[in-house]
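Input: a single structure, listed below in structure tokens.
For clarity, chains are labelled A, B, C and D in written order, and residue numbers in each chain start from 1.
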Amino acid sequence: MTIDLNADVGESFGAWTLGADAELMPFLSSVNIACGFHAGDPSTILRTLELAAKADIAIGAHPGFPDLIGFGRRDIKLEPAQIYADVLYQIAALAGMAKTQGLPLHHVKAHGALYNQAAREISTARATAQAVKDFDAHLCFVGLPNSMLEQAAQEMGLRFIAEAFPERNYQGQHLAPRTHPAASIDDPSIAATRAVQMAQGRIETLEKQTLEIDVQTLCIHGDNPNAVAIAKAVRFALEQAGFQIKALI
Amino acid sequence: MTIDLNADVGESFGAWTLGADAELMPFLSSVNIACGFHAGDPSTILRTLELAAKADIAIGAHPGFPDLIGFGRRDIKLEPAQIYADVLYQIAALAGMAKTQGLPLHHVKAHGALYNQAAREISTARATAQAVKDFDAHLCFVGLPNSMLEQAAQEMGLRFIAEAFPERNYQGQHLAPRTHPAASIDDPSIAATRAVQMAQGRIETLEKQTLEIDVQTLCIHGDNPNAVAIAKAVRFALEQAGFQIKALI
Amino acid sequence: MTIDLNADVGESFGAWTLGADAELMPFLSSVNIACGFHAGDPSTILRTLELAAKADIAIGAHPGFPDLIGFGRRDIKLEPAQIYADVLYQIAALAGMAKTQGLPLHHVKAHGALYNQAAREISTARATAQAVKDFDAHLCFVGLPNSMLEQAAQEMGLRFIAEAFPERNYQGQHLAPRTHPAASIDDPSIAATRAVQMAQGRIETLEKQTLEIDVQTLCIHGDNPNAVAIAKAVRFALEQAGFQIKALI
Amino acid sequence: MTIDLNADVGESFGAWTLGADAELMPFLSSVNIACGFHAGDPSTILRTLELAAKADIAIGAHPGFPDLIGFGRRDIKLEPAQIYADVLYQIAALAGMAKTQGLPLHHVKAHGALYNQAAREISTARATAQAVKDFDAHLCFVGLPNSMLEQAAQEMGLRFIAEAFPERNYQGQHLAPRTHPAASIDDPSIAATRAVQMAQGRIETLEKQTLEIDVQTLCIHGDNPNAVAIAKAVRFALEQAGFQIKALI
């Protein structure tokens, strides 16, 4: 009974700070580090790697669309060849910087609109997964279960890590869109209860139906103002329920 | 009697093309590939790597200041820690992309204002050389002989490759600044004659004095409109003079 | 019998040159100047304004998506409020710079993916047209006839200038996509013949059908390698056919 | 007995928030709005203009170096012609956006490294002041008294507004550099006392000497975490001392 707890970190940029990475990391078992295209910059990456090393957790690359002003959350129509090159560049930059600190890259998780587009469109998913595979076929590939991300991982022979979101509501089979008034869950105790259900294989949707899932990681959004409290509550509840919080080996 | 012949390549960006990389590479033994900060982008890097693989020449990272609009040619006052992070990121991105094509990184050469600042200021040189060393202590480090770049390489135990510029004039001990009317030499035959002298250990300055030098590589500027003709003439003259054109192993 | 002849100019960026603006302008009666988001930069804008002043032709702002690496040719899903703000900023920057050279802004024409998206989607067209109107309700608004661009102009009470493309083929009612092998017409004499037909109210499509149109401007793509020869041939043919080449007053 | 109280605002960028503009503005009589080069973006500018309109205070353009990652605080060596173009573009963009909201541009104040460089170097000061003058010769030009900024304003015939910094310490005749441990003053009551002294014509330096000055505006740094408390205390103290807080007309 193990489960991974991940968050997106390293999302500051230059003079602008985002997220409470140092406070958040002690509750996590893995982090996805922004690579400089939608957020992050070389100095921020180094600082984030140091925090991750100190917290002794697994690190992943978190590549996004080249859209700083949109924080990688806006759909951009790129050719698959461009997605491949952009993702490969970002993974390489992050992995190479991590190597200098003795940290091996553990996984890749796409960010924002790239993640959503790759979950929907096989061409985007394949371009992303191919970049992961070409860089290092032993990397884990994190994504939405039953999505094109999972299909691409299977096609490439990449180890897939399915994720769920304890502080996001689900509608039908999917995440409720961010524009939905109940998209986010800010109450740490509700997020904690949902986290345990998810680790046990169930998600309750907004329509009060139960989805059966099989996920290996749970994601806390680092830019949620309650992120630290949520992570703390989620971790405590999971441990109480008998789960060990650790990254997949 | 061997000498390396290098040029800066991969300096296109998105829809904008710069340089005649495909025509130039067959005359070279190594290239310095822009890494996306002053020029280049992930798709351009991939294309450039393919050309280098086809030409079977050594590849190096060509990191620059984060100054796309200034093409990395404007002095920016960065903290050494930022220079270190920026250079490390760029080397890592390029080396990681090259690895997927089976190309090992051979060297690092700083670009433009970063090169000039590092030649002058030991703090910039050290930050740059430290990033090279931390990424891979076996990489060669290309730079101006008798400069802070050379000193930093020695301090770090990096293998230093001294370079000279056959199509640039020298003033006193240094390159004539680009603003000097005779800064550039556009005539391929003059460049070729100077290249042979340089390979033989001599540079004639604008003041008609002779500098004694010991250089292992000669650089052709890829953005010179005559670059291809110059490279061709230089290579032919060097071979006629008994030099073998090849990268240091 | 007058017709306007326009082209996109000012599309260089920093060290990268695109287009032959100085050679092209003498054949035109108006230009659309890139504003720094998909191409162009402040120094390029000033240089372009000087050329336009010398050629004594009408100037327009050519706002695009904030996508330098994609040259504004990739679809980005922006909120209408962001499109409004981005377009307003670009118009303001260009108009203010033009004012210092005594040049009044004549029109606005959206660029690339913004143009195409606004031609298709009324929300994008309205956000763009609203920015034009709020900046200066007397500006002309250039776009595809019978598109959402035209509808938005009518709703806002903006003067609409309908345009056709003599060096692009049409498929059905629309431009053949750039991916179509016959998308572009490189032969100046064919472009010239089509220009006269268009000025006279007809377009012959790839399916050999004739569209009836009513256009007030014809566009030559400045990044076409034949742009200057095409502009010259088109202008000559139009004048031979009795048209006066001038911007709408 | 009037004095202006200004702050730099609009320094957020995309998803990143900086400063507490809405809380700060009610205590000010003028603001300097970032124009998108070192901070700010079109949507942020619009939001900031709305706040300024609501607070009914004077607005100025706050142009900076094109250095988002460095927040415009790093020295960059630009040609004067580039500085001129960059500043003109930024003023034009901001003024044009303000015009659509019925807000006239009141002044221009350079940001960060551009401000400091222009205070020191007459060529930078002239390029900046020339852009102000060419855009609108009636604009006020804010800067350090007895600096090259003041000299350039005089040469151009621009109305100069001299400023002092109540929450910054002075060393000799100048601001103590940001690297000085006592560079900033975080205690609102000390800042308030200094503000009154400055409005009355005196600055006490770190060496306990008294500089005689004649300033018309006092600047509160909006990115100071105590900015709101400082602005409140400064305003109250100035009003208690008999000063009316208002922008120059």
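Couple of notes before you dig in:
One rule holds in what follows: a contact is a pair of C-beta atoms (placed from the backbone, for glycine too) under 8 Å apart; a residue touches a chain by one contact, two chains touch by 3 or more.
Fair warning: this is a prediction, and the values are worked out from it, not measured in the lab.
Chains that count as touching both chain A and chain C, per the definition above, are B, D.
More than half of the contact pairs of A-C, counted by residue number, reappear in one of A-D, B-D or B-C; that pair is B-D. Between the Cα centres of chain B and chain D there is a gap of 42 Å. Within chain B, residues 41, 69-70 each touch two or more of the remaining chains.
Interface of chain D with chain B (complex): residues 66-67, 69-70, 74-78, 113. Residue ranges of chain B in contact with chain C, taken from their complex: 12-18, 39, 41, 68-71, 73, 223. Per the touch definition, chain D reaches chain C in the complex via residues 36, 41-43, 45-46, 81-82, 85-86, 88-97, 99-100, 134-135.
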